[in-house]
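Across the two complexes that follow, chain A remains constant while its partner is chain B and subsequently chain C.
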Partner chain A sequence: MDPSMYLLDLVVFIGIFGIMSLSLNLEFGFTGLANFGKVVFFLIGAYSYALLSQAGFPFYLCLIIGALIAAVFGFLISLPALRLRTDYLAIVILTSGEIIRLIVKTEDWIAGGDWGTSVAPAIALPGASAHAGILVNIGLVYVCLFICFTISRLLTNSPYGRVMRAIREDEVAAEALGKDRAKYKAQILMLGSAMAGLAGGLYVQYLHYVLPGMFLPIVTFTVWIMVLLGGPANCWGALLGAALVEVFDRGANLAKDLLTLPTDASNLQYILFGVLILLVLLYRPQGLLKESAVKTRATERVRSLGGAVRNKED
Partner chain B sequence: MAETLLRVENVCKHFGGIYAVDGVNMNIREGGIWGLVGPNGSGKSTLFNTILGLQHPNSGGIYFKGQRTNNMAPHQIYDLGVVNGFQIPRLFPSLTVLDNMLVAARGQQGDGFFNSLFLREKWQKQEELLTDEALDILELIELRKHIFSTAGELSGGQRKLLEIARALMAHPTLLLLDEPAAGINPVLGKKVFQKLQDLSCSGMTFFIVEHRLEILFEFASWIYVMDKGKTVAEGNPEDIVKEAAFYQAYLGKE
Partner chain C sequence: MDVNWAQVLVNSLVTGSLYLIASVGLTLTYGLSGFPNFAYAEYISLGGFVGYFVADELGAGLPAAFIVAFLVVGVVGFLCYRGIFQPMARRGATIIHLMVASIALGLILRHLIPVFGDFIPALGWSWAPSYFTITWVAFDFGPVRLTGLWLWTIFTAVALSVVLHFLLTRTRIGKAIRATSSNPDLALASGIDVEKVIWITWFLGAGLAAVAGIFRGAETQVWPMTGWEMILPVFAVVMLGGIGNFYGAIAAAFIIGLAENIGVVALTALGLSTSYRIGIAFLILIITLIVKPQGLAMFFRRS
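And then the complex of A and B:
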């Protein structure tokens, strides 16, 4: 492949997975909701996009409705989330994701079963070059990424964001201080799922096809690595993590063609991912970027009054 | 006589075979500092938990301003005006002292999903007002210079103080405090009680569990004594020390 196409393709992937990473960061990084089923919502957005676009809806409606359907599933997941401990919740979400994937895989009538189905690109430019097509995709993906990033930043730098962190730290104390934790968890899971659904739609319209094999649990773990590497509870960290993991993934992919290894080289990137996550957890458990404090006028106010001796703000 | 604020009627809370709270009756009227004492494990914290909705009683009724609160969620009980400070502080360790304070503030305009996104100008103004209030309270308990420290960096006594300060940010009608003076130096402990008394003059009501009886008895206007899940005596501090049941609770029956 033409190297410049390879790079542009990488840029698209960073954008799409940046949205995934931002959404898990809202759920896990800020609110402490360990969502081990990110791929479910990615899948729902993807299949919604495929089916809606086949039914003749314009691409923006396919994206928006796909995100909304994913949000409804996010709400449904929030119901057990209120009753179950984090570890049990993880198992529930993980398995329900596999169930949904196996349904679309075995039920041929939904979207071609195991073979999948083709998906029309969001913005078709008849006769345009491949470069032009990919540049249009970059535009579309990064507009969506920008919207998700802005919402994340506004939400987390507000009293609402303070409550998210409080729920992460001690949900019982937050509840005793008047915060309806059920409501907050449901809202965050709905928003996070909508963002993942949006990413799913963008993904399949870019690749022009959808099939169950694209939604293996490894996708969830990849997004987790992005968040843990970049730094949980930091929106820039989520983007940094997405970029690093995608670059790393490509690098490992290229390397495996050049190396001759005694083992099956196609697993190289998974092995390296495992090593990477171990290194992060051992040497930089807080991630590359540290958690950003809640930024509202409260901190400026203290400064203007000359309140603090120590100043830990960055 | 002042109006009844909190009525506890025959409340029982069992944990398997342990009768932690076993038929407690109380009547707390508006204003003043009300004390609750009793030996370790007599059920004081458990009673508080049932009042706060953190645990639901097995039987009996809890009424706040005449409204039955037995099956309400803690955040609904907060909305009614009942707030607490935990015996073992439950702060948000990686949040700053300031953020710990601001989380608790009542009536925030920016803690709703859409408001936080779209009404920024409105709640930003409120943030400034709440910050001023937080600074005043932190000044009093000598934590102002730690305002940007995280709660996890505070010492044990400082955490206890922040736990109380945070509850005050919630403008409670009734504030339950579980051993507010524990682990705090006696001078500051007394100052805190003094402040609570000032606040009680302006209409706040306090219900306080405290093992440091000398401080509690100096400020409280009414004392309940619990033993083995039951209230065994009640009265004003001068009278309660003359009650045989008060001594029996601590020393056991002869």
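And then the complex of A and C:
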């Protein structure tokens, strides 16, 4: 592949996984939900997109309906999961990913079973160059990313965002203050799942195919690395993490072609991923960027008046 | 459709035995350390690989394979705790951070197996499945067929239950494990070396996972996903039995073994793929967590 295409491809991936990273940031970073099944909602968005576009729906409806279906699944998972302890929630979501992948793999009639099926691109430009095609994709992906980023920022800087952080810090206390934690958690899981579903749709229309092997648990884990590395509860951090992890991934792929190793380099890549996350957890659990302070007109004024609030926080 | 129900029962016994051996270590370490160690799946795979190397590549026989795998993987389990989880817990890591770390560790261990295989070809480790070459004699008891491997699986599960029962109730270390599991602060105040208790449990737990890995590997195949393929039933057993509850795990393992084998009959009757059998463990897991998150523990005294 010529280098400029390679770079543009990287930009698309950063955009798609930036959406995933933002959505996990809402769930884990702000609300403290251990969603170990991001890939479930990514898969549902992807397969919804594939099936709807085969049925002849226009791409924007495919993306929106895919996101809505993913949100419904998020709601369904939230029903048993939200009354549960953190570790139970993690186990339930993680294992449900295995079941959903098993279903699309086994049932050939859904979308070609193990072999998958091809997906039409969202915006087809007959006769256009590969460059133009990828630039159109960048436009589409980054519009979606911008929408998700704006929603994240507005939400987390609102009173709603303060409830999210309160639930993360002490959910019993939040409940005692009259905040229905189950309702909030269900809403956040639905929103996060919708974003992940949107990312899934964008992903398969960009790659032009969908198959169960694309939705291994490693996808979930990659998104976790992005959020933890970038800095939980910081929307810019989520994007930074997504960019760093994708660049690292590409770098490792390039190195793989350049170096001749006596072993399969993709194994080493996963090992490096694992080591990276252990190092972050051991030595910088707060991530690269610190948690962003709540930013509203009122806090801005207080800050400009002398920064008392800020100093107290530090 | 004609179903050989006697055979279904025997199969359930074998499945249950395997799940019991595979889950005991997880439930004990989960109860003691308070978080689910997802890298536990990799202890199972690693056990299968070490056992395969000793039994097949070295030709030292199965008994040696069990002992070596138990010790090697036991040490790996201990090192994981000592090297990663303990320092993290000391620095006040949350349960989410510990779980993420365990997934990272699992990723590292899983992909280290083929890397070791590439650097040391004598190990015979790779992503491609390996098979134990031992052939098992099949016995027929009336309508029921049993293989030597199955008899060993059942025997090991029974022996494990008896030995662990006496270990937990009659020995100092067993009592210390139970005390630490139910109240670590009180255990510490009573002069129990809580750290040492946790280390020993992680060693034993990983070693038992390795034994399960050999049984599973001998029954099917050995590859880096051997353990991950079992993670669902293993977690279902731990949850249904009640976290940290060894007696609950015994009951849960056989309940899930039975449910899975009856489920296979039902799936076949319905014309569905039998690969959905792990879905049955998933259903049990979900129902347990919704209805009674403490599992069967209420029927058994705490262990």
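In this section, the second predicted complex is superposed on the first by the 299 of 314 C-alpha atoms of A that agree within 3 Å, B and C clash if a C-alpha of one lies under 4 Å from a C-alpha of the other, contacts with A are read in each partner's own complex, and residues count from 1 in each chain.
Keep this in mind: contacts are C-beta pairs under 8 Å (C-beta built on N, C-alpha and C of every residue); 3 or more make two chains touch, one makes a residue touch a chain.
Keep in mind that what you see is a predicted model, and the values were worked out from it rather than measured.
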Contacts of A:T106 with chain B and chain C, given as first, second, both or neither: second
Chain B versus chain C as contact partner of A:T299, first or second or both or neither: first
Partner chain(s) touched by A:W224 [first = chain B, second = chain C, both, neither]: second
Contacts of A:I147 with chain B and chain C, given as first, second, both or neither: neither
Which of chain B and chain C A:A128 touches, first, second, both or neither: neither
Which of chain B and chain C A:L254 touches, first, second, both or neither: neither
Complex contact set, residues of chain A against chain C: 28, 32, 34, 36, 80, 84-88, 90-92, 94-96, 98-99, 102, 106, 218, 221, 224, 228, 262-264, 267-268, 270-271, 273-275, 277-278, 281-282, 285
Chain B residues touching chain A - in the complex, by the definition given at the top: 52, 54, 73-75, 78-79, 83-84, 86, 90-96, 98-99, 102-104, 106, 108-113, 115-117, 120, 123-125, 127-128, 130-132, 135, 144-150, 166, 170
List of chain A residues in touch with chain B within their complex: 151, 154-155, 158-163, 165-166, 169-170, 172-181, 187, 291, 293-294, 296-299, 301-302, 305, 307-313
Contact footprint of chain A on chain C as seen in their complex: 35-36, 38, 84, 87-88, 91, 93, 95-97, 99-101, 103-105, 107-108, 110-112, 114-115, 118-119, 127, 231-232, 235, 239, 273, 275-276, 278-279, 282, 285-286, 289-290, 293
